[in-house]
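In what follows, chain A forms one complex with chain B and a second complex with chain C.
Presenting the complex of A and B:
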């Protein structure tokens, strides 16, 4: 009886929470600075239309309810083509979280296919690299801190410099950025829709030059700001992935284009 | 899909234009059998290769990101090949087919790869070995050119991956082998750029500004200050020939490698085993390059490895030691024979007093406390703090310390021998390292008496005899 009461109270609280705080925010249109000099003009900026982005990375709890409703994405059902053998590795079984996967921590060991399916089930998509980078350029006080605020860059770099340890902490504990979005940095890496766009253009000679720009010493020659190590790392990380890969510190969040 | 996305650094030594007959024959060397490579951590080197034929060598190397000590009380998050800095030493033979497996630990934050300068092929393997956390990549290459080669991570931003410790050495032995020597060691220089200055305590993150200015706080051999000194000096016996495989991971500095008190009988400059220089004092080791040096140690003593860009040795950590024991050869080196007062005006020559100045010994308790405070300030205060309160979880308190007051003998022992591993002090667990202190019995008695008689401690006295008793146990 008492348990029922608690469940009931939690449900009310859940409803209130959901209605009083929207889970995604609208971003204004703007421009973001890509890592590489891919723009034709001298602005070195790419236009980003207004879009909505989730405030938090998708949590283990969110993903449990997804797989319950979509059993084909359970660990035991998913084909290896769509998710590597370590898919949802920290979970105890198909629908039970383990000690290393707290409910409110970001879901990790997740493939691009699974992340995309989740977002689509909510009528959303994964953010594009441009959308993600545009949102993540913002600090709590500045829209483009990543391009102009050395201390912000340094903070991100320090997080990248440390290995991951599990269990991960809850989402939403750090300060939100200026748009009200949490955890774009200092939490987990996040999938983007076009994570592999650094490698393929569909034109083989184009691929070759692009590729050369992406890595090693020559990487610096094609970039807008060779000092932006944090962005280099994200591009390098993304290009090490394949769509069925699952990684211990790689999660995701969803976005939505405006109608 | 993943094509040539790697252009080499200017320094890279792969793809040498050398297309001589040797290369041709090595490409066609018949592969017999296969074996798993023995990999070693510095300063050890895998055993010499005795095979007379080429084989398939399987190399398994794991990249991982680990918090380790960079200097006394200074921690750094190293990115490693095989859990140590420098990375594992790999030894193969000219003509071998190397099947390379790079495993990136699941807890890695970063993707990693490997560019071996011993590889002839795009990126030195960098493209083919590019690996996300929790994955493995495999590629293979023929070891065509003998020599001592650097390998390093080449993932963007490459400088930071190298600055965090991702380099090591691979030796490709010539097919006729190397002349036998008594000892071989692996020594690799590199520099670290930290947020704090040299010696600033605690965990130090990478400083990108200092790396760009090429102004390191630490220049070290084998990944940490004192990695090869004191008890970890490289041992040798008089009369032995030593071969050092010397690498320089950089990322920025060129090393002027020198051993104080030795002349290199042979140097294979830049790791080229087909070139031999003789009777060399100091050899240049480029960033991303190597040298092989050989010398016979004729007489006993400590020989100091330095980067002879000497401020690096004195102030940034670029020091190592070879401890040679055995018979002295007075014919080679006499030691100091005489010390006299020198009178430039030519007056009567006088011998200097043989006895060193007598050491001041505490005559009473007040003096013991006074001298003890001096010792404390010089040796203990940096960690345990001025009032003995210690620091957070790193350094246990000495003030009102149950651990300290419980056992005087143990306290003496800790100073004499150091202490490592978890202890509980006033209900808190501390798990760190205190190095042994090189102090005399008198000094230890003074400092402990000072500590026991301050900050709410038990007020015990410690005498030099107490210390002597523990030392002799």
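Presenting the complex of A and C:
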């Protein structure tokens, strides 16, 4: 009887632990196709080491508990250097979510500083752009669907075409990609650690052609891989961000380098 | 309506609480809110907030850079040369390195000696995460290239004694006049 009780308590603990800790998956090492040199040398790849990534974007519930433990990140405390005035705008107050911010929906109106601090509090980091793009290139069935599967590309672009409406739905409702990661697309856009790396290649000649590609739609559609317009959009969006910006459809998830 | 009035007083109360809790009363947009540790060219550890009290010209560089960094330093000289002698002595110039790996305090010291940077110049190095945060605050975009160099935007920031960026000069060879004007204002 006593043993049963212990087992029962352990089960409860297990359930609580599982639901309160965002699960992560290990991604195998591989190659990521960067946007920047696509037309210069379309065979160019960047090596991505094996790393861990959270299965789900960070939810409102996750972020409330972070804010409670780190009052510095409450709406009423955070200086404008770290988060704009719309920080956690959908929340009712400092620690109450309210109707527009369901517990299991991704947290949005979040700044890069706040996202970074959250991940660091968990012993993790924000994923780098290379890590994020590498993971997000995968469909439920293919690792590199973003480079080769027109229907996958089309689906993402269609999502980009639709305005975000609040309240957002819960995370983990769509199919996971081949690595077991949910919601990299068709949910919210996500911060990456090096969002501020855009528009520079270290060479002025390269920068000029890049600018044309970034800001001229016809340039992108005339490029080697017109289907990758979605990637152009993500790069352009990131390069428009500042670290204290808070946006209605921009959330984040965490990653971790292997030790 | 009452709700708004209550909210107003709540805001007053809360911000008042913060202001009294903090000894320095930094403005909300002060970069000195960053918890950011750096090593100087002499190997001393400082907090970014230790820089408060002085007007700074800040930029980011890496010393193995052969092209843009010498240019950006000459752009800073153009600004300081346009200042009255009195102010020239008071304004501080802070160069932060992109390169945690190669730019050790010793390397920074050599660079500073080679370029004959005066006593009001300082160079700082830190870890990757701290560098990324400062770049975010200064609005500098950068990327480490495969050859170990850093591609980066050239931004010179004029930072007031409270850590608020009051002016930014973008790109190389820019007209230094607006930056000079802004610095002079700090000493009026």
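The criterion applied here is as follows: the second predicted complex is superposed on the first by the 208 of 259 C-alpha atoms of A that agree within 3 Å, B and C clash if a C-alpha of one lies under 4 Å from a C-alpha of the other, contacts with A are read in each partner's own complex, and residues count from 1 in each chain.
One rule holds for everything that comes next: a residue touches a chain if its C-beta (ideal position, glycine included) is under 8 Å from a C-beta of that chain, and two chains touch if they have at least 3 such contacts.
For clarity, every value in this text was computed on a predicted model and none was experimentally measured.
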Once the structures are superposed on A, label A:112 by its partner contacts, choosing first (chain B), second (chain C), both or neither.
-> second
Determine, under the contact definition given at the top, whether A:165 touches first (chain B), second (chain C), both, or neither.
-> first
Given the touch rule stated above, what does A:197 touch, chain B (first), chain C (second), both, or neither?
-> second
Does the superposition put A:248 against chain B (first), chain C (second), both, or neither?
-> first
In the superposed model, does chain B or chain C contact more residues of chain A?
-> B
Using the touch definition from the top, say if A:82 reaches chain B (first), chain C (second), both or neither.
-> second
Would you sort A:26 into first (chain B), second (chain C), both or neither based on which partner it touches?
-> neither
Touching A:235 in the superposition: chain B (first), chain C (second), both, neither?
-> first
The intersection of the chain A residues contacting chain B with those contacting chain C is 199-200, 239
Chain A partner contacts - residues on chain B that touch it in the complex | 1-10, 64-66, 77, 106-111, 115, 123, 126-127, 130-135, 154-158, 160, 164, 205-206, 208, 212
In their shared complex, at which residues does chain A touch chain B?
-> 86, 154, 157-158, 160-165, 199-200, 207-208, 210-212, 214-219, 227, 229, 232-233, 235-237, 239-241, 245-250
For chain A, which residues count as touching chain C in their complex?
-> 46, 76-77, 79-82, 112-113, 116, 125, 193-194, 196-203, 239, 242-243
Which bits of chain C are touching chain A when the two form their complex?
-> 11, 14, 18, 26, 28-31, 33-34, 129, 132-133, 135-137, 139-143, 145-146, 149-153
